[in-house]
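Multiple structures follow.
Both complexes shown next keep chain A, but they swap its partner, so chain B is in the first and chain C is in the second.
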Partner chain A sequence: MPVIRLLSVRLLRMALVLLCVAGLTFGLMLASPIDPIDAYLGPQIAQASAEQRELIAARWGFDQPPLMQFGHWLGQLASGELGWSHVYNQPVSEVITQRFQGSLALLGLAWLLSALLGFALGVLAGVREQSSLDRVISGYAYITAATPAFWLAMLGLLLFSVTLGWTPVCCAGPSGSLRDEVSLVTRLHHLALPVATLTLLSTAPITLHTRARMRELMASPVATQAFAQGASRWEVAWRHGARHACLPAITLACASLGELFGGVMLIEQVFAYPGLGRATVEAALRSDVPLLMAIALFTALLVSLGNATADGLYRLIDPRLRRQG
Partner chain B sequence: MSQPRLSAVLGTALAALLLAGVMIVAAGLGDAPRQMHFDARLTPPSTDFWFGTDALGRDMAARTLAGLTLSFWVGSLAALFGTLIALGMALTAMLGPRWDALVSLAIDTLLSVPHLLLLLMIAFTLGGGTHAVIIAVALSHWPRLARVLRAELLHLRQAPYVQISQALGKSRGFIVRYHWMPQVLPQCLVGALLLFPHAVLHEAALSFLGVGLSAEQPAIGVLLGESMRHVSGGDWWLGVFPGAGLLLMVLCIQRLGETLRRAWSTS
Partner chain C sequence: MLEIDDLALQLPYYANWWRRQWAEVLCNVSLEVHPGEVHAVIGASGAGKSLLAHALMGLLPAPYRQTGRLTFQGQPLTAARQRRLRGRELALIPQSLSALDPLVRSQRQVSWAAKRAGHAAARVQHTARQALAHYQLDERAQQAFPHQLSGGMARRVLTAMAHVSSAQLIIADEPSVGLDPQQRDRVLNALAALAREGKAVLLISHDLRHALPIARRVTIMRQGRCVETAPAAAFEGDGHTLTTRYAQALWRALPDNHFSHPETQPAPHVA
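Showing the complex of A and B:
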């Protein structure tokens, strides 16, 4: 069963990479200037004597070698115990679940829209090289690739929220209202600008890549043959080009989750949107080590899943690879 | 566009001139970015202050220029170190299959953490500041380039002319000097130039989030972060100009990198 073997090799590899990510985050946090005992004591730091600190260290295992601490932490992770977030005063797992629900709409919508838009633009640009349409689209792609995400978000905020007043200035709902009271329309209204900014910024790689593939196809014998039979450029683009270019576009879209999460962090910061990205920044600014570590692992899992999906879809869609088994 | 060569040369020259111009003007600014004009706080762009002034009456044009220079140096140092790490890692991967597996694992690990999050964690560990940003950007940006260089070296090792050279009894040093270097060095340089825009943008993002350069430095990320506080007041000039400057600088460098890549590409 080659499929099962392949799958298990992939899974093992993913587990290994995740273990390495865990090691990396643990190492980084261990080397950081944050003293876990101070963080645990909080405002009572002045009242604790040296002996009490030693007791705490022994109680929490800070006197053990780093490798033992790492093993202990991994064991806790495996049993689902992620720790306590002092910024949100909640268990870390709850913070992540709640915040991710907020980010999911933003991340998912922007991901889907940018993939579709990027692919469509790439195909359009690749149909005729150096046409005015091609120039406009690739110019757009080059410029957005060089644009700071948070700057564009800020410009959008200035134009649409402050000057024109079309969209709300911040947050995921009207201030003062509870999460459950907000209607779907209001929620979409609050999402519109963040999603639009994120989409505009993340189309560029897919567009440029699809365009390159289309140009390659338009110069290939397949296209020449079709032209000789009387097909127009648009027909060739639709029948052969879209198929030829969709595989790399799918791979790229699945592999772009990491980059997209970076964008989400910035955009949520600008729009004060209560999601995972903002929680990450808060955790880093206010030294919430357990939350930061858990988010790092969680996003690494997300990105790895994206990569694995890309690989799996490739095999499923491409008939040449399927035949090989 | 009937003269692609000429337009490429002109575009590249213009980009280089623009970059050099920013550096030279910023070097002549002296103390202007920190000078406060208390009688002209938050003034919109005018003939006195081309880009307006901020809440402390500081000239935004001077601050933007100083910020661009700072971003340029931080970005170049980070791109340089990143390229060196990538080259080192690619060479390490050549030592044997075990080393290769180790390098691949490191690349996969770093690529599976979102870039900005990795930057955030490294900067957090190092406690922020200029050196922390440079180290963080260098440490998080090498994997892609290392992957390219590793593939190139693997390809090169199997190339017929290198194997013939080996069979003729040339030493390892000779092969590295005369066969590897001419292939890999241009790749490194182009890689560094293409890395630069990412480095600059991520540096600005990190400073914007408040974990990067310290707040008193006139960095683009810091300026944009400050301007966020005045967005709802409609003081648009605080954010628009520094961001546009950064965009222009990144476009210029992209242009230079693209020209070099075309000039040196072997295929």
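Showing the complex of A and C:
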């Protein structure tokens, strides 16, 4: 049963990665200059006595050595308990579920659009190297690859929300309304600008890599042979090119999930969009260890799954990678 | 069927990074290929054989300069006509096995070739299957990916692609390179069979000895020029009917002819 063995090796490796991520996050939080108790007390810091602080520390387990704390957290994790977020005053699992629902639309849409758009543009540019279309597309890709996400987001806000008034300035819905009351159209309206910004930014690498692979293919013996059989440029691009060029595109699209996640955090910050990104920033600034650890784990899981998907798809498309037999 | 008259080809190179110069890679190339015969073009590496093949098919990457006259079936073979006839009247069996798409099953690739040659879409799969079976490739080989095929099998897939095009002129670029004797004979016999069907076959090779049994006429190339065109029968004994010393020397240098070596003449200078 090679499939089962492969899967179990993969799962074991993933668990190891997650453990390392958890350890690293915990270590970073320990080294963080923000004291969790100070952050929790906030402005009431002056009113809390030393005994009260000790009481909180004891209740949170801060009086124990770090390794004990980490071990305790791992034990809780094994029984499915992620802990309590003091920033949101909710169980961590609930915070993540709620917040991720907000981010999912943003992340998923931007991911899908950037993969499709990046691939299409890359193929178009690669078919005719040095044509004016190629120049326009690669120029666009180079410029957006060098553009910081938050800057473009702010420019977008200034232009479309403030000057033109086409899109809302912030949030996932009109302020003051409950989540369930917001209609789909309104939600999409609020999503439009963040998604567009994120898509625009994550398209470039996929475009450039697809274009490079496409150029290589159009000069390869495979293309020459197709031309010798009377195929047109577009036919070669469609039958041979798209097949070959989707390999790097898939790798990038899946591997860039992590980067996209980073982009989501910045974008959510600029657009004040209530998603996992904002929760992460809050958790870090206010030293909410359980929430931050859970978010780090969740993100690492997502990225690992992305990489595993890329590996699997690769095998599906390129027969040379399949095991013989 | 195909006449090449005084073909010359120049390709660009950069003497330094701002000045482009032109290198003459083919010069004074003239030969005729008739229907029903295999015409062998023999030369060492760098003699310009593959460039000749690509020039005939119109597959050279721009920019290049080409002069001379190409005539195919009585009409001038212009770039536009090459584009129109490629895959239908002109077929190329390429030198490199990497011409097969590694991601596509061999039968599918032959179907595509059939489709490009103008076969009806409903018939292409049948045509491909028949053509591959004609070259002794069973169902398993037909459904295999190129990396699963042996060199000889891959070569026969490429030949099947030229076969389905029902082209009148077939240019085979080094079809026997890297094959064991049995596979080589199989591939060369397939080419001879195409000629027997009345097609014109231009066989490009560096291997004079194995081209001779199937070729009717042989053109020897050296450094982009035609040295001599002679009937295949002239290559026998000590080769005294060959008119140029280079052709004689090439013939006598074969192992069967005791590697004998008449006094060599210096290579013609190429500008």
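What we mean here is this: the second predicted complex is superposed on the first by the 290 of 325 C-alpha atoms of A that agree within 3 Å, B and C clash if a C-alpha of one lies under 4 Å from a C-alpha of the other, contacts with A are read in each partner's own complex, and residues count from 1 in each chain.
To be clear about the criterion, a contact is a pair of C-beta atoms (placed from the backbone, for glycine too) under 8 Å apart; a residue touches a chain by one contact, two chains touch by 3 or more.
Fair warning: this is a prediction, and the values are worked out from it, not measured in the lab.
A.B. asks: So, does A:Leu200 touch the first partner chain B, the second partner chain C, both, or neither?
C.D. replies: neither
A.B. asks: Have a look and say if chain B or chain C is in touch with more residues of chain A.
C.D. replies: Ranking chain B and chain C by residues of chain A touched puts B first.
A.B. asks: Touching A:Gln225, do we find chain B (first), chain C (second), both, or neither?
C.D. replies: A:Gln225: touches chain C, not chain B.
A.B. asks: Is A:Ile295 in contact with chain B, with chain C, with both, or with neither (first, second, both, neither)?
C.D. replies: In the superposition, A:Ile295 contacts chain B only.
A.B. asks: Taking the superposition on A as described, I'd like to know which of chain B and chain C A:Val303 touches: first, second, both or neither.
C.D. replies: Touch partner of A:Val303: chain B, not chain C.
A.B. asks: Identify the partner contact of A:Arg243: answer first if only chain B is touched, second if only chain C is, both if each is, neither if none is.
C.D. replies: Second partner only.
A.B. asks: Based on the superposed arrangement, let me know which partner A:Arg320 touches: chain B (first), chain C (second), both, or neither?
C.D. replies: second
A.B. asks: Once the structures are superposed on A, label A:Glu259 by its partner contacts, choosing first (chain B), second (chain C), both or neither.
C.D. replies: So A:Glu259 only meets chain B here.
A.B. asks: Check chain A for residues that touch chain B in one structure and chain C in the other, and list them.
C.D. replies: none
A.B. asks: Sort out for me which residues of chain A touch chain B in the complex.
C.D. replies: The contact residues of chain A facing chain B are 13, 16-18, 20-21, 24-25, 28-29, 31-33, 130, 142-143, 145-151, 154-155, 157-158, 162-163, 169, 257-259, 261-262, 265-266, 269-270, 280-281, 284-285, 287, 292, 295-296, 299-300, 303-304, 307.
A.B. asks: Where on chain C is chain A touching in the complex?
C.D. replies: Going by the criterion above, the answer is residues 54, 57, 59, 61, 83, 85-88, 90-92, 94, 96, 98-104, 112-113, 116-117, 145, 147-148, 158, 161, 165.
A.B. asks: Looking at the complex, which residues from chain B come into contact with chain A?
C.D. replies: Residue positions touching the partner: 1, 105-106, 108-117, 120-125, 127, 197, 201, 204-205, 208-211, 224, 227-228, 231-232, 234, 236, 239-240, 243, 246-247, 250-251, 254.
A.B. asks: Tell me, which parts of chain A touch chain C in their complex?
C.D. replies: So the residues of chain A in touch with chain C come to 219-222, 224-231, 235, 239-240, 243-244, 317-320, 324.
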